[in-house]
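When the chains are written out, they are named A, B, C and D in that same order, and each has its own residue count from 1.
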Amino acid sequence: MTDSRPVLTMTGISKSFPGVRALHDVNFRLFPGEVHALMGENGAGKSTLIKVLTGVYDTDEGAITLHDEPVSFTGPMQATAAGVSTVFQEVNLCTNLSVAENIFIGREPRLLGAVRWGEVRRRARALLADLDLDLDVSAPLGSYSLAIQQMVAIARAIDIKARVLILDEPTSSLDADEVAQLFRIMRQLRDEGIAILFVTHFLDQVYEIADRITVLRNGGLVGEYLTTELPQLSLVEKMIGKELDVLEGIEEHSRRDLAALEEGTPLVAVSNFGRAGAVEPFSLTIHAGEVVGLAGLLGSGRTEVARLLFGADRADGGQVAVDGTASSLRTPAQAIDHGVGFCSENRRAEGIVADLSVRENMILAMQAARGWLRPIPRRRQDELVDKYVKALNIRPADPEVPVRNLSGGNQQKVLLARWLITEPRLLILDEPTRGIDIGAKTEIQKLVTQLSDGGMAVLFISAELEEVLRLSHKVAVMRDRQMVAQLANDESLDADRIMQTIASGSHREEADR
Amino acid sequence: MNDAMSRYRAITGHRLFWPAAVLFVMLAANTIYRPGFLSIELKDGHLYGTPIDILRLSAPLILVALGMTLVISTGGIDLSVGSLCAISGAIACMYISKQPDQSSLGVVVTALAMAMGVSLVLGAWNGVLVAVIGIQPIIATLILMVAGRGLAQLITEGQIITINSEPYRAIGLGHALTLPLAIFIALAAALLVAAFTRRTALGMIIESVGGNSMASRLAGIRSGRVIFLAYVISAACAAVAGFMMTANVSSADGNAVGLWVELDAILAVVIGGTSLAGGRFFLSGTIIGALIIQTLTTTVYAMDISPQTSLLFKAVVVIAVCLIQAPAFRARFSRRRRNSPPPAPVADKPKEQVPA
Amino acid sequence: GNSDTGGGGSKDDGKITMGFSQVGAESGWRTANTTSIKESAAAAGIELKFDDAQQKQENQIKAIRNYIQQKVDVIAFSPVVESGWDTVLKEAKDAGIPVILTDRSVDSADKTLYKTFLGSDFVKEGRLAGEWLVEQKKSASGPVNIVELQGNTGAAPANDRKKGFGEAIAANPNLKIIASQPGDFTRAGGKQVMEQFLKAYPKIDVLFAHNDDMGLGALEAITAAGKTPGKDITIITVDAVKDGMQALADGKFNFIAECSPLLGPQLMDLAKKVHEGQEVPARIETEETTFTTEQAKEALPNRKY
Amino acid sequence: MTTGTLTAGRTRFRLPRKQIPVLATLALLLVMYGIGVSQYTAFSNVQVIFNVFIDNGFLLVVAVGMTFVILTGGIDLSVGSVVAMTAMVSAALLQDGMPAALVLVIALLIGPTLGLLMGCVIHFFEIQPFIVTLAGMFFARGMCTFISGASIPITDGFWTSMSQERIGNPRGNFVSISVLIAFVVVAIAAYTLAYTRLGRNVYAIGGNPQSALLMGLPVARTRIAVYTISGLCSAIGGILLSFYTLSGAPLIAVGMELDVIAAVVIGGTVLTGGAGYVFGTVLGVLVLGVIQTLITFDGSLNSWWTKIVIGGLLFAFILLQRLIGIRYK
């Protein structure tokens, strides 16, 4: 399965940021022709290890060798040149450039120094087709959803044809189909002898594709294991340092009687709500205490629905009733006034304010709702922040560090906290568990059920169908920017039936249930 | 030893340390050149000396720069402040000059109110262009920068309006507690802006809008209003600065008042550590920045650096100031040893490794 | 001979059209100059096309080009700088449009490019100021310390006045300029620089300011330092605008070399002559004088600007 | 209802949308020109248009350089002073009798060198471009006054012929050599931005410098290059200005950086970087030029009304441009 000589070794790597020791004496090996999963909780140091490897950060201590040659890259440019191709954790592409250009920039096919644009587009189309994507490659990347951007980033990295391919949480916003496509290609590359480093928080995916696992905890190395020799439970134990409580109770919760929940005036009811070019008009009612899941494939318009309901985009037409009275949801501020909260899937562009501290990021929405003239007393801020830092296990637990210094998963938790603090009546969660480790994920799922028991309505979007099924009372299915069905989450509903609904196209009759 | 070391770190790590150090070095250099530079004497019950001059002369710049700090923090820029200074000064002086009793307090208060009113309207105009219509700030305020100069001259009809009004003069030259009143006005404005932004949530909201406007919008911040407010505050600050500049020479010159002050103000803001890209702002840094700029100007006169070379001198100082402040520069040139890192999380189990 | 085939503002109704490009509106002096030109044009029945170049040579060149396009009868302008006019003046010459320079001259080698120059001689103004000082201080035995407030670095009036003044005071080696800084022709600038001079140099006998405004600003600094302007420090300036004359009459200034902005009537006169093809002298200097305190008291009541 | 049709729908919408801002600017420019023609008879003269180019050739070249800088999200305040310094150095060297060819080479080297230095400081020491180029502006202007306090005329034969050569009909409608040089610069710049790696990297850095770095693009090299390019363009602009005025004056082109930035931004380039075209910059320069021409043709405005009207026209233009932009969004 693997060669005996590692293509890449990292020995004794240490890296500290002011006040934080991100990595301490970590060893890591990568063999040709293997998929090697790097595992650990949020903030364990996975991304930092990758950034040290690719020269984004200098190491404090330690050595890296590539093909037995000591290397010390000054940046991704050098790393790429040496045959290390990387997809970093957050989508790191330029949204102002076209899709095709994002794939090829820096390595464009040229003729006498001039970029051959036709060729660039043609190749990009071919490459994306291989990933089962049909995009307008000359449209700016920013016009596509985050998941598609993620796929484009993967396409770019794969096409570099490097000897080492690094993928830092590439699957965090992809659904089963795309993951399958990605894995097909990863296997193909592995069989060609390429070494692949893969970071994910999905255990199933690890067991599906990885040959070897390295576990980090708190910046330290726990160990390196063969996947076949490490059962799931002990993997989890090694990651979090203790045993994980199971997800009991959550399942039963969602299968409660929908009819009982849907009595009385809905909290939010929209009809014929839509926006040209984004989503076809749809109707949806959400009751207090109800969790509505949105299912659909990549680009099916789930995010667009969420944005419309929050007023982030303005609907072209349709009626909105909040608590049975006609209202409008035309701006986020308006929606917040009605008690709606929205946690965006794109945390870097639409979520965190990188300059501000963890505390400020958390209280931002609440402060905005109160208006700037009524600052939240500092003591109250500290209480709230403290509560959620503990509840969501945010690390480092210092609320005054700039949020930019947090690991991706921890940033996501900060965003969640921002909305939980406002105690909304309807909380729209677009991929809330993106990039969050299993421990925190169960915490969040528990939280959602608790909140809905307490009367909060939740609109839950996730690329993971199981998660949607586990939590929702009702699942709305999207396809081609159309809401094709709304299904009660009873015993008969499972992932297969949802996939069938999507596949078999429009089920208008069911939608008007 | 470790303790002293970390205290040293803490001081040099403070964001005001380097700007303050630069200011200190400049003052020291002047004192070496002319030992009397820092001397202050009491004349007619007023403190008199170069340091006092620097404080008094930097007062208008501090005012303008305070407003500019907020605008820059929202991710904008306000080029019109110089013209606004000219307009406010022109209106005030023009009105006073037309009155029979120029020294009456009522007249001066009316003049100030009128001028302030117009400035606020013009600030609101900037705010509307940027926040409502969505024109790029640099162009939106350029319009008023060009047209505002014309307006100021229209008001004064191109003449220098000389006034003879004691209360008005006091804004620029009056004294309180042996110190120039201008210093107190600037200080009061600084405290007011600080209270306005830091005692309320305005400061954080401005920083949030400047840091990531899309995220702020989705957090429910009505960023338009915040941006609008920043331009209005900037205009108000500029108006007061205009009063000070004109009161200082008891005359309004529509063409000269506040000429290029916008550049100095932006420079002061940037030296103070606020990024032109928006986000975090530092009022105290801005004030030190303004003092540095005024000290630089005064140094040129005090050392009688020849006019032919004074700009070269300024260039050298500005770049030196920035280099010293830049962490990347210092990092490159100081081979300091790293402090011992925070205690390592002890790995509780021996590390395992499997053979290939 | 310039045949007007219509177009532009100049119908062939015998009315002269003049294109005038002004430097800007950077000072009270300049504004008075502009007003004088506008008023006299109206009085002389000349249609004036006025353009404000805002201190930019490029703008003036553009303006002159546009006047050529509009086929005006006469072009007049006050050059922002001395050099760099040959190309556009040649175009004017080719188009048969006569050019008159006012206020400041140009350094073209080809003197046929313009008909005449009307204006003041900045060097002379500086010299007059210097000569008066030499006369005043001829009995001084010890050194006389002079400080100078210059105009904008590089501006022609600043350069020339400095030059003229320097030449004149060279006559007496006791007269020494101990410091010289630009006050940018503004009161605020004059004041700020003077404040520092007063602190840096305990003994200042004479102040020479390149214009009244800087002198007026310096006055305040001198008063604030507890000195008496006009007595402790002799003040000499250039321009003779109203506020300056007032200061002179009050004895705060000691001497002003006039630089008259009232070029309008003479300019219109010249324009007519040039348009009719008459010969005019190549250089006409405006009638200018100098003022002492007594003369200022007399002249002040009928001072227009 | 398939993805295919959706994609097609987007394509139909996208093509014009990308060009709309530029087209709107062009249309408004034409409207402004039309107003001029209807108001002033001589305005319709073709030479008026040529003059706009002749008078703004150097501005155009400098604005092209600035476009590169602004596209990366930077700013270069030193351009006006570098223009002046180049003209000043040329004039001074020519006065000393140095051969024209050598003077050209030297003059064209100074600007890029300064640009290179500024670029290095900006990139390696992570200092904001605003301050670094402001220091550069002080430096270059200081060099001007240092070289000479007064203006220096240029009498060199090469310069005079470059200045006075009329291409076209010398008695009728003509352009100057500077205009041709400016067009060549524009063409090269447009090509560079659209078809070379350097150009594309400029856009990428403007879009997101962090991402550009992580994508393995040569951020350092590109960033330093744009300031060097801007310095080069300023130097060319300085030479053109010295052709234009046949002199070097220490105070020339004061405040030009603002005109240049305005032209670039009016032309649709976004100050935060990542979006814009050289062609837009050409339009931006023309807008400023035509406004200036309109004012001169009017000739009835006094000094302060001139400023107010310039501001007003600028406002009207920007407002319409913006409103059209919103409408088609």
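Keep in mind that, in the parts below, a contact is a pair of C-beta atoms (placed from the backbone, for glycine too) under 8 Å apart; a residue touches a chain by one contact, two chains touch by 3 or more.
Bear in mind that the values here come from a model prediction, so they are computed numbers and not experimental data.
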Subunit D reached from subunit A - shortest hop count over touching chains: 1
Most widely separated chain from subunit C, with each centre as the mean of CA atoms: A
Distance between the centres, which are taken as Cα means, of subunit D and subunit B, whole angstrom: 30
Centre-to-centre distance between subunit C and subunit A (centres being mean Cα positions), rounded to whole Å: 71
Centre-to-centre distance between subunit D and subunit C (centres being mean Cα positions), rounded to whole Å: 34
Distance from subunit C to subunit B - Cα centre to Cα centre, in angstrom: 35
For subunit D, residues that touch 2 or more chains besides their own: 145, 149, 302-304, 306-307
Overlap residues in subunit C, where contacts from two or more other chains coincide: 24-25, 31, 34, 153
Interchain pairs in contact, sorted by label: A-B, A-D, B-C, B-D, C-D
Subunit B - residues contacting subunit C, complex: 34, 36, 43-44, 48-50, 53, 57, 153, 157-160, 162, 173, 245, 248-251, 253, 255-257, 297-298, 300-302, 304, 307-308, 310
Subunit C-facing residues of subunit D, complex: 40-42, 45, 47-48, 51, 54-55, 59, 91, 144-145, 149-155, 160, 163-164, 171, 241, 244-255, 289, 292-293, 295-297, 299-304, 306-307
Contact set on subunit D toward subunit A in their complex: 1-4, 6-7, 9-11, 13-14, 191, 194-197, 200-201, 203-204, 206-208, 210-218, 274-275
Complex contacts: residues of subunit D adjacent to subunit B: 121, 124-128, 130-132, 134-139, 141-143, 145-146, 149, 258, 261-262, 265-266, 270-272, 302-312, 314-315, 318-319, 322-323, 326
Contact set on subunit B toward subunit D in their complex: 79, 133-140, 142-144, 146-154, 158, 254, 263, 266-267, 270-271, 275-277, 307-316, 318-319, 322-323, 325-329, 332
